[in-house]
Amino acid sequence: MFSEEKIPNGFVKNIMDINFSNSQRAEVLTQALPYIKRYTGKIVVIKYGGNAMTSPQLKKQVMEDIVLLWLIGVKVVLVHGGGPEINELMERLGKKAEFIDGLRVTDRETMDIVQMVLAGKVNKSLVSMLEAKGGKAMGISGMDGNLIEARIKDAKLGFVGEICNINIAPVSDLLEKGYIPVVSTIGCDKEGNAYNINGDTAAAHIAGAIGAERLIMMTDIAGILTDKNDPSTLIPEVTVREAEKLYGQGIISGGMIPKVNCCIEAIRRGVKDVTIMDGRIPHSILMELLTDEGAGTMFVGDRN
Amino acid sequence: MFSEEKIPNGFVKNIMDINFSNSQRAEVLTQALPYIKRYTGKIVVIKYGGNAMTSPQLKKQVMEDIVLLWLIGVKVVLVHGGGPEINELMERLGKKAEFIDGLRVTDRETMDIVQMVLAGKVNKSLVSMLEAKGGKAMGISGMDGNLIEARIKDAKLGFVGEICNINIAPVSDLLEKGYIPVVSTIGCDKEGNAYNINGDTAAAHIAGAIGAERLIMMTDIAGILTDKNDPSTLIPEVTVREAEKLYGQGIISGGMIPKVNCCIEAIRRGVKDVTIMDGRIPHSILMELLTDEGAGTMFVGDRN
Amino acid sequence: MFSEEKIPNGFVKNIMDINFSNSQRAEVLTQALPYIKRYTGKIVVIKYGGNAMTSPQLKKQVMEDIVLLWLIGVKVVLVHGGGPEINELMERLGKKAEFIDGLRVTDRETMDIVQMVLAGKVNKSLVSMLEAKGGKAMGISGMDGNLIEARIKDAKLGFVGEICNINIAPVSDLLEKGYIPVVSTIGCDKEGNAYNINGDTAAAHIAGAIGAERLIMMTDIAGILTDKNDPSTLIPEVTVREAEKLYGQGIISGGMIPKVNCCIEAIRRGVKDVTIMDGRIPHSILMELLTDEGAGTMFVGDRN
Amino acid sequence: MFSEEKIPNGFVKNIMDINFSNSQRAEVLTQALPYIKRYTGKIVVIKYGGNAMTSPQLKKQVMEDIVLLWLIGVKVVLVHGGGPEINELMERLGKKAEFIDGLRVTDRETMDIVQMVLAGKVNKSLVSMLEAKGGKAMGISGMDGNLIEARIKDAKLGFVGEICNINIAPVSDLLEKGYIPVVSTIGCDKEGNAYNINGDTAAAHIAGAIGAERLIMMTDIAGILTDKNDPSTLIPEVTVREAEKLYGQGIISGGMIPKVNCCIEAIRRGVKDVTIMDGRIPHSILMELLTDEGAGTMFVGDRN
Amino acid sequence: MFSEEKIPNGFVKNIMDINFSNSQRAEVLTQALPYIKRYTGKIVVIKYGGNAMTSPQLKKQVMEDIVLLWLIGVKVVLVHGGGPEINELMERLGKKAEFIDGLRVTDRETMDIVQMVLAGKVNKSLVSMLEAKGGKAMGISGMDGNLIEARIKDAKLGFVGEICNINIAPVSDLLEKGYIPVVSTIGCDKEGNAYNINGDTAAAHIAGAIGAERLIMMTDIAGILTDKNDPSTLIPEVTVREAEKLYGQGIISGGMIPKVNCCIEAIRRGVKDVTIMDGRIPHSILMELLTDEGAGTMFVGDRN
Amino acid sequence: MFSEEKIPNGFVKNIMDINFSNSQRAEVLTQALPYIKRYTGKIVVIKYGGNAMTSPQLKKQVMEDIVLLWLIGVKVVLVHGGGPEINELMERLGKKAEFIDGLRVTDRETMDIVQMVLAGKVNKSLVSMLEAKGGKAMGISGMDGNLIEARIKDAKLGFVGEICNINIAPVSDLLEKGYIPVVSTIGCDKEGNAYNINGDTAAAHIAGAIGAERLIMMTDIAGILTDKNDPSTLIPEVTVREAEKLYGQGIISGGMIPKVNCCIEAIRRGVKDVTIMDGRIPHSILMELLTDEGAGTMFVGDRN
């Protein structure tokens, strides 16, 4: 699984040690009943990426969780990134990464690399893992069926795109035909140029456009912590208004800012609940959706 | 639950004592994945009746199991009897039960009682329990939509019917509309007369006509035992041909004979697996379908 | 048919005496053409109960009328009560009926009896008669598919329920599949408790929820009479506003009040025409719907 | 039925003289119930033409009958001829009719006249009468959607066509959309030439291709009579084999031969019952289909 | 084709002389791509009549154009007139035409002639030409399915009708089933009387009711010319407001007035573009729809 | 376009020089009518790859042709390879290509490169070009939806796969939803391993499985030439049996052998016509499908 020092406090270290009787298994299954009832037939968008995607063991479990949700009738859309793999290929090709304000300058050659890694390698690898677990998946990019229409965000960044429109039909067509759509976040414009699109933003837009019940952002942090160094200070749920206050207090800061912005954006686009979830915990998706325990911080609309 | 002396050997006495972490729960759910995959979209007919139906606690668990199966995409048809309740009302009305060769002589008044108890009381009680658990159920009888066409079996038995035809449309229409059909085994003829139909027989005929993947006969015995008094002699699986030999050896005898006959009949009508299952074990249906452990004796077609 | 003294004034005493030539029959059929055209594809809810249901001969004719309407494309929903049969079983079981303000105190045991008689006996008997006449019927109760959600009306009345919601899907699903839904008016709550629901009220609510063209309340009175003792003073049609005046004038009084209230409720819920019809007249439904002659009093919305 | 002096010449003077009570009407309607049940959803092809079409009063009644059948769910296809109207227009245009072996020599000008009279006048007049009675009709010819593909039968007859193929889609498309298809029997070839097609033959082919339950040939004779001059010698039903014997005996002769040939052809093409019916009797279609009395001679397949 | 003196200025006299290589053909096809994309799946109503319909060669080309549009996915509705053919038959029948204010007095006999010529001859001739070119067409009139409901416009004109309602279902049903509907503009009333309806008016109403993208009025003039005698003064596009000014200036006058009125009426009923097009130019429909060149005058809604 | 020296003999050098009048364009369009009629609604699989894919100008024209076919109702499936791009990336990554019997040894790292280039770069580039031309395309690989199930062909070749099964649903689902499926020929096995699949073979298998009318293999040769150096010796059409003879005669040899094998394989799997077509000729697909001129060699089933 993952090394002990990475395990957040409070989690069973090696659940594999425990043997369940089938009677116990059955009991557990029936206790999941109200949760299954709540999500069956609903759309859940899962953004998967970053370091949470690097452990093969965890990746396998995430795919299992998704296939299970799909089997019990949840309509899962998997949106993925792939930063580390992009870096790796760039390095091998002797391309030096350049950044402006934390955004990667993307010339056409870099864009080709992004496209190859995301749509060619990561996407297909996720698809084949889902199918090996018994799911029915189809991998597309934001270029297919014009899913993500984009334009240049800032000329000096090259092919970094900002989303100008989502044509949700490719995703809803695949859901309708029973597939788990797996989406690489590459955009395109009318002339056929490809754009590097931020994965979290794309997930938020897609979740809004498809009318998702939930958006789950899998990351490698525990959620929003009042004290960054103390996992016990995790904030389990915030409203949009409360989140905005947390910016001021400096509790949301640094790399968390764009991620939280995406969560709020998704809420504004009509998604009911958005969760920043710790992808390093085994089966955190299932725990979040099918048990009474959440993982990470959930954003909800302002009450009233 | 149920009193200790009734618990078959080898079962955990009080599973409620154990607290599962959510992480463990998630693990259990993913382990059910291949089983869910196998049964989702398939039709499973469950015959429920007799003493297995008398404990409110067990009844509640059986209903939970059925709703869970329904939620994960299994098409469940629930066929029920209700002997004990019939006896009770007859007694209260001062009707004396009369039997010929183990079959209840059913005059018109008795038939009215059977109909009221089964279609009016037991059926609706099961429906409302399924709905209270979150299922969508509709209770019908073999008279509705001419589901079970019957004729007199033997004049001296009165309105005891033998099935002459199954019109499966009422059951398949309800499945198509997403309901759990709950069926009282009352038949009728073209003139509108009602008939008392043996529940096991009806379940076998319905399972065959609907093309069920599995028929589960819930009873209050452990299954077929080589030595009636030793639960450890349970025969977990028999082919039709092997079952026929067991009659000769006296291992299948007495009240087991008609039940086993129904199982074989169902196999002959195309049902893949038929199981005589111990309904006194909590969540035995889930264990049978969603874990690697069976409960009771499974009948399968002859291998050749 | 029925004994002479019961025949309302002005009706042919023995229509069976007349022999029709086939040429005449054909003529009659073509004259029904504009009426058939008006109702084909429309939903007509018929409330059937009380003494109108006690004559087997009349019952047979009502069923014939319903099957005919169904055959020519009218979507009939049959809602039934069954007071006399309930009384009979209670008596046989030695239960004494107790009433408060005309409403039967319904303890759990009484509720069981109500359920058994309505959903088990009366419902299935109507279903089998409809099928014997060539119709395709399915009998359900307000518990099936949560059709009638109810709550306690008044604690001292026990399980007498008031309707808090109608989930019309079970009825519309059956209509869509081509069945005549036959509905016992038993409600239930989320906990699965059954409630005794007034049949007229339930019919009014169901007719409104399903968007019925007409609601026909079959009773054993001629309709609203200005002079209760003079059938020639029948009021053939009233608007809601006019009906309200009749309360003041004492013309609508006693047992008629709740029935007329239900008619007005149905109009308010969007049913076009509601008719209190004399169920003792043979084929009164057909006469009402397929000829130029009405039977009883029709309630319509206020003009303007 | 009706008094003899009115049959068949001159027709019943006034069957309206008889006053039916609505109670009687209702009784008649319910007696039609089993007949309605038999034909609802079935396809009935009616060939209408010749002198049976000349009385406006009778025509109106035939249209009423068809609309009634349509309303109660019978799928009626009306195939019509129009010989007398063709003759009339030819005469007015000073065209002289020429016949070879009883078949009209059809030059292009004559074909134009046939087409104008059948598809322009008779067809639309029938359509508008059906619609005035409340039906939903659409009038097409054998040229529309290539319904009747034809070729020259005999060069010296000009545009007299023999059917080489039926493309039934135009008729079945209209039935599916709920229309009464009204068909003029004009054929066409791949080059777009129109052909004069015998109406009885076309009706037989269409009835076979559409899988009709019944084909009714409305004529102005009573049916097949053993003694042409004695209506009481009507043969009510014949098998194909029996019919063939009647040719030899000279009972089927003259103008009856091609008509009977068409009936037999229809039986061979799979139509269950084919009836030569006396169109001069009011409402003979309804009597034939919805009462226990037949009109004319019915052809059925050989029993064996 | 047509004689030289009829060819409008500026058109290639004999395009047949030019031999295209297949490579050129392919190039031309791809250049049509954006136009095809624009009209595929859209409804285009074409009014065809008058002298543009008299040349067999031109008629053949118009039918080719329509079949091509249909093949590439345009939903074409063909509305036709037939004045010259009506005149011809009237003459042959010795009927003298009488006019009041330019409208033909239409007694019942004249109406019969109109109906026979339009629905019987012209309609079926167009249908068979479309089918000979490979299209799938069905010819109906405004009487079929009550498409055009009409009433008497002016008693002294007889059966000249004004449209009181369009029931568009017959046209949309045929489009849905994949046919090219070919419509004769005859109306009818509830009593079944037929009415002579102006073809341009009917086309405008039908185009509005069906939600057509375009209405093309094929005529035998070049369009609206500022100077009637100078084809180079053609006005290619006008808004409704501009058109109204042209009336005042006398540029729209005489026979053009009712035609332009129909165009404006269609725009008011929601048709996007309405074009008066010169039907004498070969393939003018294709040029208008599938190239960058228009033919005639296009009416569009007022810009503001 | 392309440089003159590359133009095969006999082709117009610069078709752009010619200006077509719109009248001529219309004429050309109508002449395509019978060809459009033949292919509309049919499935055409196009294998595109090799050097025919390297000219951006030609690529643009091929995409135009495909979008045009799609617009006129042809169901196009585009299967692509990408050898040159794979070589390029390998070189850049310093991987040395190794071949055994002409097949590339594919270790896991090479497989990753193949996957990235085909599914990530080439596939998405084709998709975005199709969409820029107005088409609706979705790019998938043989891994998506388990489209191409493969296994190791020869252990020493590494991840070179041979097809063991085609699950055609992903392709037919996309066609049903109106997309142009663009397929990268990568296979996978149950464990999720990716395989390098020969593009021609995959195209033949997919064309057979989907029931394609035609399979077009776009290459950079003129077709099968009796004398390799003389384009005038092109064999326009061969049957399977004739093709087999050509092997013996050495006319099919070298690199042509596997390609011709694939053509024959496709014919055996039920594809009607398979064409080896010269992709260097502009709009060769349109010429082949929509004019009377073929391009290359067409394989057809044996006549007998």
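Remarks
For clarity, chains are labelled A, B, C, D, E and F in written order, and residue numbers in each chain start from 1.
We take it that a contact is a pair of C-beta atoms (placed from the backbone, for glycine too) under 8 Å apart; a residue touches a chain by one contact, two chains touch by 3 or more.
Quick caveat: nothing in here was measured; it's all calculated off a predicted structure.
Among the remaining chains, those touching subunit C and also subunit E are D.
Seen from the C-alpha centroid of subunit D, the farthest chain centroid is that of A. As for how the two copies subunit C and subunit D face one another, over half of their interface residue numbers coincide. Taking each chain's centre as the average of its CA atoms, subunit B and subunit C sit 36 Å apart.
One finds 57 Å separating the Cα centroids of subunit D and subunit F. Chain centres here are Cα averages; for subunit A and subunit B they lie 44 Å apart.
Counting partner chains per residue, subunit E has no residue touching two or more of them.
Taken as a contact graph, with one node per protein chain and an edge wherever two chains touch, the assembly forms a single closed ring in which every chain touches exactly two others. On subunit A, the positions that touch subunit F within their shared complex are 89, 92-93, 112, 115-121, 123-125, 127-129, 131-132, 136-141, 143-146, 170, 173, 176-177, 179, 186, 188, 190-194. Residue ranges on subunit E touching subunit F, taken from their complex, read 11-12, 15, 18, 20-34, 36-37, 40, 61, 64-65, 67-68, 71-73, 133-134, 281-283, 286-287, 290-293.
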